[in-house]
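Here come two complexes built around chain A, the first alongside chain B, the second alongside chain C.
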Partner chain A sequence: MTDTPAPRHIPDRLDTPLNSAIYSWEALLVAVAVAIFAVNSFASPYFLDAWSLSDLTFNFTEKALIALAMALLIISGEIDLSVAAIIALASTMMGMAVQAGAGTPVLVAIGILVGLGCGAFNGLLVTRLGLPSIVVTIGTMSLFRGIAFIVLGDQAYKGHPSSFAFFGQGYVWWVVSFELTLFLVAAVIYWFLLHRTSFGRRVFAIGNNPVAAQFSGVRVGRIKFILFCLTGLMAGIASVLITSRLGSTRPSIAQGYELEVITMVVLGGVSILGGAGSIVGVVLAAFIMGLVTFGLGLLNVPGIVMSIFIGLLLIIVIALPIVWRRVRRERFT
Partner chain B sequence: MDTTAQLDPTTEQPLAAAPRLTLAGISKSFPGVRALHDVSLSLYPGQVTALIGENGAGKSTLVKIMTGIYQPDTGTISIDGQAVTLPSAHAAFGHGITAIHQETVLFDDLTVAENIFLGHAPRSRFGTIDWRTMRKNAREVLDTMGAGHIDADARLRDLGIANKHLVAVARAMSIDAQIVIMDEPTAALSLKEIEELFLLVEFLKSEGKAILFISHKFDEIYRIADRYTVFRDGEMVGEGLIRDAGQSQIVRMMVGRAVDHIFPQRKAEIGAPVLAVSGLSHPTEFDDIGFELHRGEILGFYGLVGAGRSEVMQAISGITRTSSGTITLEGKSIMPKSAADSIDAGIVYVPEERGKQGVVIGLPIFQNISLPSLKRTSKSGVLQLAEEFALARAYTERLDLRAASLSQDVGTLSGGNQQKIVIAKWLATAPKVIILDEPTKGIDIGSKAAVHGFMAELVAQGLSVIMVSSELPEILGMSDRVVVMREGRIASIYDNKGLDAETLVKTAAGIAA
Partner chain C sequence: MKAFLKYREVWLLAAIVVLIGLISMRFPGFAAFGNLRQVFNDTSILMILALGQMVVILTRSIDLSMASSLCFTGMVVAMLNAAHPAIPIPLLIVIALLVGLVLGAINGVLVWRLNIPSIVVTLGTLTIYRGATFVISGGAWVNADQMSPDFIGLQRAAFLGIPVLSWIAILVIALFFLLMTRTALGRSIYAIGVNPTASVYAGIDVGRTKFIVFCISGMAAGLCGYLWISRYVIASVEVANGYELNIIAACVIGGISIAGGIGSVGGAVLGALFLGIISNALPVINISPFWQMAISGSAIILAVVLNARGERRQGRIILKKAEAG
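Here is the complex of A and B:
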């Protein structure tokens, strides 16, 4: 400790905002995105085309919508592995409603409410019974998809009303799809929620030290419950989009999406241990994942190789931020 | 001291042979703190030596030196007259020194036999563990100790704390440890379990082990110790045979000190009652707690570790629930269901466990300070960074915080400065009552003075303070009145006029004054 005479003025911050932005994880992601974009442009003559690029966004918008809420959940120190199963259950429920003759507004409402309900169910189990979320959501993952399998068997629901197709297939303006627009609007909302509200600040506090947060008057259980609801809600919205895009429901719909969602969140710089992360990073990571899968698709790489690639990506992105933070710490302290 | 043979009048056995372990001239300093200064200690075979001293007197540091975890700066350690060095815990173990801690450091998911023989398990011809022999040996060791009721194959997790102690002793027996250190072994035990532990100590004595027994409880010390050594502020202030020393004499040695720290003079007007607690009870931790706190008053809470002081404070501040009782703040009955409720009402609790419950490491200083005040520093839930910085600056400068910037991670600050953050964050909520739990535990003397000065300032402004402390000078130097708790109940409430340390220690330990 230094013995400078008191009282002393302590500055708000030492690093300029620009300086800390240059050395951030997000800056690295931008560089990676530009590099992949360049490689894709060289590798395929079909890549640099407005409609190609528009198609590319369909690769990630549905998962990225869930990743926004999942980012907050993981920052708070919890996780939800049941999101893909929630999509399947919500889609099945919408399919049943179609058979009963429901119109588009009712279908959308059912998709969203089933998602919200599943999220609330996860949230109750975690916050009320104090169970670890990884176990709870592995359980509900089987539960939700199991219900979809029982209802559907090896059947598929089809015959959704034609107006329902807009959500997954429609365009707002020229090549800008409804899905992309919805994702960008949601991204701004989640960015504001996490980085500009007291709710978001409490999420960071819980992720870093739940006990101290509770002692500081943060209602830890209530906030975690809301985060599970939001994640379920986003999964419900994603279910509406996917069902609309495919025009049918099978029980195996969205199989394996949860891992891609979590890969996006972690690639976006969110600490898998909780307590750190940003929405800008998650949005950049979503674009990178879209670019990579679309680029590999253009090069005719088969789907099974792509899943190997996703697996490798997940391992690398969990290791890389840890190494990156170590380097940063050595530089700044 | 006396190494000549004396006769114990009860057993007619020679009481003091040559010491088994001798520590001489041991000193140990940490940055900014002198933990031990030129202390000596001797342990004799077949005898129990009680190590007595307040919290912070240097007992734990000495245990860590004896078990090879810390290295002394100066001084010598000898076993049976041979000088030894203990560069590691493994070396201490090799010299037959073993410690049984308050909360045993064994392996919950291994079996009793595995715990006893970990690191020295019997081997078969092929170099693999000879499980059959290991179980047999484990049962034998347990049987000789009179602990045959413990199943050698049980997982340690399934045992109670008392039986875990027995396993720890069995482990000591299995390596033929000659020196056994028991660091507050009774703290978590019931009366019946304590009796069983004492039988075990008697057994160890009969086996000729040299035992160091650390306890705050005088009845225990008088019950089983043969000798005593008293530490105060890192120095040895007295030793001898326990039967030659009265309790008052030992208490005086513990607390009688030169005042090394000037407490701030204050002239706070003590006003009307602000907080009234009555009949507050908890199923296991405390019972029938009642007291009043006045405006401008510092109310000290003294007691032994485990007397239930922190638990009472956490109940008043909504962190834990109570089974019955009332809390009245400024005439209004409140029953906080969460820390958020009590902060809204105007009662804040500054917890003892700074790292675990106080600061959020990973967040910058200004975000730590604004965390309990976010309702005030944000507008309809939207953060106002300028207001957060202003709040943080106001309180950190009042508390004379030393930091490079307010955006610095609190994890990079020293303990004393972290404590200032912890106090600042709760003070920034503008409370009516502030509860400080061990506010100066483990911080350097300079930060201590800053915290004490600040407390005096707070009450001068009309705040009311409850200070839970195990440090007698702090209790006597700062409090207007002192509540002494013992075993979950209020033992007595004293006016701090001519109050002396001995009275407090005796009340807390349950010795008739």
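Here is the complex of A and C:
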């Protein structure tokens, strides 16, 4: 940075596991989540109800599914801004299949495969041609949604088979929706992938230093390609859920989701510069965003005002540890 | 280096000429001077925004909040005009610039003082500024009949046969050209993008310069706030929703490297013109406007591929940590 580096403070002993847990990002998120939960429960008598809380999950699970894969992608130092456009394209393709009389299994397969294909296209452009992902995916964002607009124009696809409605509207058990179950299962899988496999270690290594990773024998290009495919795949799955929940497709479906997904990932403590982050944080951030929007919704706060809270939350939660570290550093020097 | 930069803009200009040529084959009137003047006028706002974005991108940062700043500023001046029609328009423009400056300065301070990556800061302020627009307006619109005739008429008035809006764009282009080629600040902006560490050793205050570029992009957005509202004569929370990515697209097509340090005023202007020509041409050659999005998307991808070849080095990722921050 431009200010002169402060003399390094070397502590007498390392933080105890308890200490480091208390000062961790996840602890901060848990505190924020508990605070919001408590405020919500006091603010509205309708909040603490099993069905209310179940409804709450619907407004973030689709985005959170994508956020899981996006977290890995951002940790590896790349980004995908085209996820919302992938949702639109996959949903449009499913709509076309409906017109052709396809059944539910075919629809689901089409949604997932289109997502995977779009992700692979992004991945090829970034890894084969060595292009910066932020601009590539701004381009493919216009391209994918543009194709949806060409196909649909100002029309909409409707008339999905009734069995298709289960994915976005069905419940697995009592108030536990299919969407929530899928998200929790996916979260466990991604947690395992990132924190318990060598693949996950490689993702971190690439994010911290791609050149060093390459020289250590990590196939940087291939792993990034896989991550783009995974992100596309999750967008395809999210597309199936959203299309099923809404029961129709317009080309403007899921507009602006990409920024919400990225907000979720960054709020979850994933460094936008790559190399650091955890799935637990992302899951907590997803719940926090769901709690904020749902709680404010119960209080009849308009959606656009909620977005102010989300924006402030993002900046404050990012700024707090920085200010905290600075205060701590100054105290020791 | 200079000859090389020229090379890129010459190619873009050639592409635009070919594009106009192709369109004229289908619709001969397109290349007429009167029509091209109209296209330029239609693109003026995007050009000003792209120039503001350019100085930010050159320093390896990004400003995603420009469209929201535009929306907020536009609402402020529209409400002022509706409540006090007596306020002269030049004063309103100054107010718009100042409001934009404040919004940009907020972004700049967060990037400079707290060292938060600009993409995170502006992602947050993107939603905050648009939400703030809702708060000050209460969700209400300011319609054409509430605006004074001067407010709407100024940019439409012709001077030497060219609308005032185009003159404003020409003035802004000239100012940016002077800034980038004739001032120390302009050189510092390029230096930071090429090598932040070396810039620190060369005595450039990287943080402060980043603060200044966000102030510049904020002012560009503020100015366009007035221009946009007076052009489309409606101020609402939805104004320019999602437009931030069009602005970045114009920069990318104009050959401004997202990795910083590479790009020129001419490139940003031509990039914006390229998008402006496409959106103006589609209706006259009978292509459904629904094709526009896919075509600009393809143009962006093509431009990135070509630029990457021109740069002759691995495209650096904007999210990569700049050595000196």
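In the analysis below, the second predicted complex is superposed on the first by the 288 of 333 C-alpha atoms of A that agree within 3 Å, B and C clash if a C-alpha of one lies under 4 Å from a C-alpha of the other, contacts with A are read in each partner's own complex, and residues count from 1 in each chain.
Note that a contact is a pair of C-beta atoms (placed from the backbone, for glycine too) under 8 Å apart; a residue touches a chain by one contact, two chains touch by 3 or more.
Not measured: the values here are computed from a predicted model.
Enquirer: Which partner does A:V218 contact after superposing on A: first (chain B), second (chain C), both, neither?
Expert: A:V218 contacts chain B only, not chain C.
Enquirer: Which of the two partners, first being chain B and second being chain C, lies in contact with A:R196: first, second, both, or neither?
Expert: The first partner, chain B, only.
Enquirer: Mind working out whether A:A100 is in touch with chain B, chain C, both or neither, as first, second, both or neither?
Expert: neither
Enquirer: By the touch definition at the top of the document, which applies to A:L125: first (chain B), second (chain C), both, or neither?
Expert: The answer is second: A:L125 touches chain C but not chain B.
Enquirer: As a test of reading the superposition: which chain, chain B or chain C, is in touch with more residues of chain A?
Expert: C
Enquirer: Now for A:Q255: first (chain B), second (chain C), both, or neither, which partner does it touch?
Expert: Touch status of A:Q255: second partner only.
Enquirer: Determine, under the contact definition given at the top, whether A:L314 touches first (chain B), second (chain C), both, or neither.
Expert: A:L314 sits against chain C, while chain B stays out of touch.
Enquirer: With the touch criterion stated at the top, can you tell me which chain A residues are shared between the chain B interface and the chain C interface?
Expert: 1-2
Enquirer: Can you list the chain C residues touching chain A in their complex?
Expert: Touch list, chain C to chain A: 62, 64, 110, 114-117, 119-121, 123-128, 130-132, 134-135, 139, 200, 205-208, 237, 242, 245, 248-249, 252, 258-259, 288, 290-298, 300-301, 304-305, 308, 314-321, 324-325.
Enquirer: Where on chain B does chain A make contact in their complex?
Expert: Listed in rising order, the residues are 32, 319, 338-340, 342-344, 349, 351, 356-363, 366-367, 370-372, 374-375, 377-378, 381-383, 389, 393, 396-397, 400-408, 412, 414, 416-417, 425, 429, 444, 446.
Enquirer: Touching residues of chain A toward chain C in the complex: what are they?
Expert: By the definition above, chain A touches chain C via 1-3, 74, 77-79, 81, 125, 129-136, 138-147, 149-150, 152-153, 251, 255-256, 259, 262-263, 266, 272-274, 302, 304-308, 310-312, 314-315, 318-319, 322-323.
Enquirer: Going by the contact rule at the top, pick out the chain A residues touching chain B in the complex.
Expert: My answer: residues 1-2, 4, 6-15, 196-202, 204-205, 207-209, 211-219, 275-276, 333.
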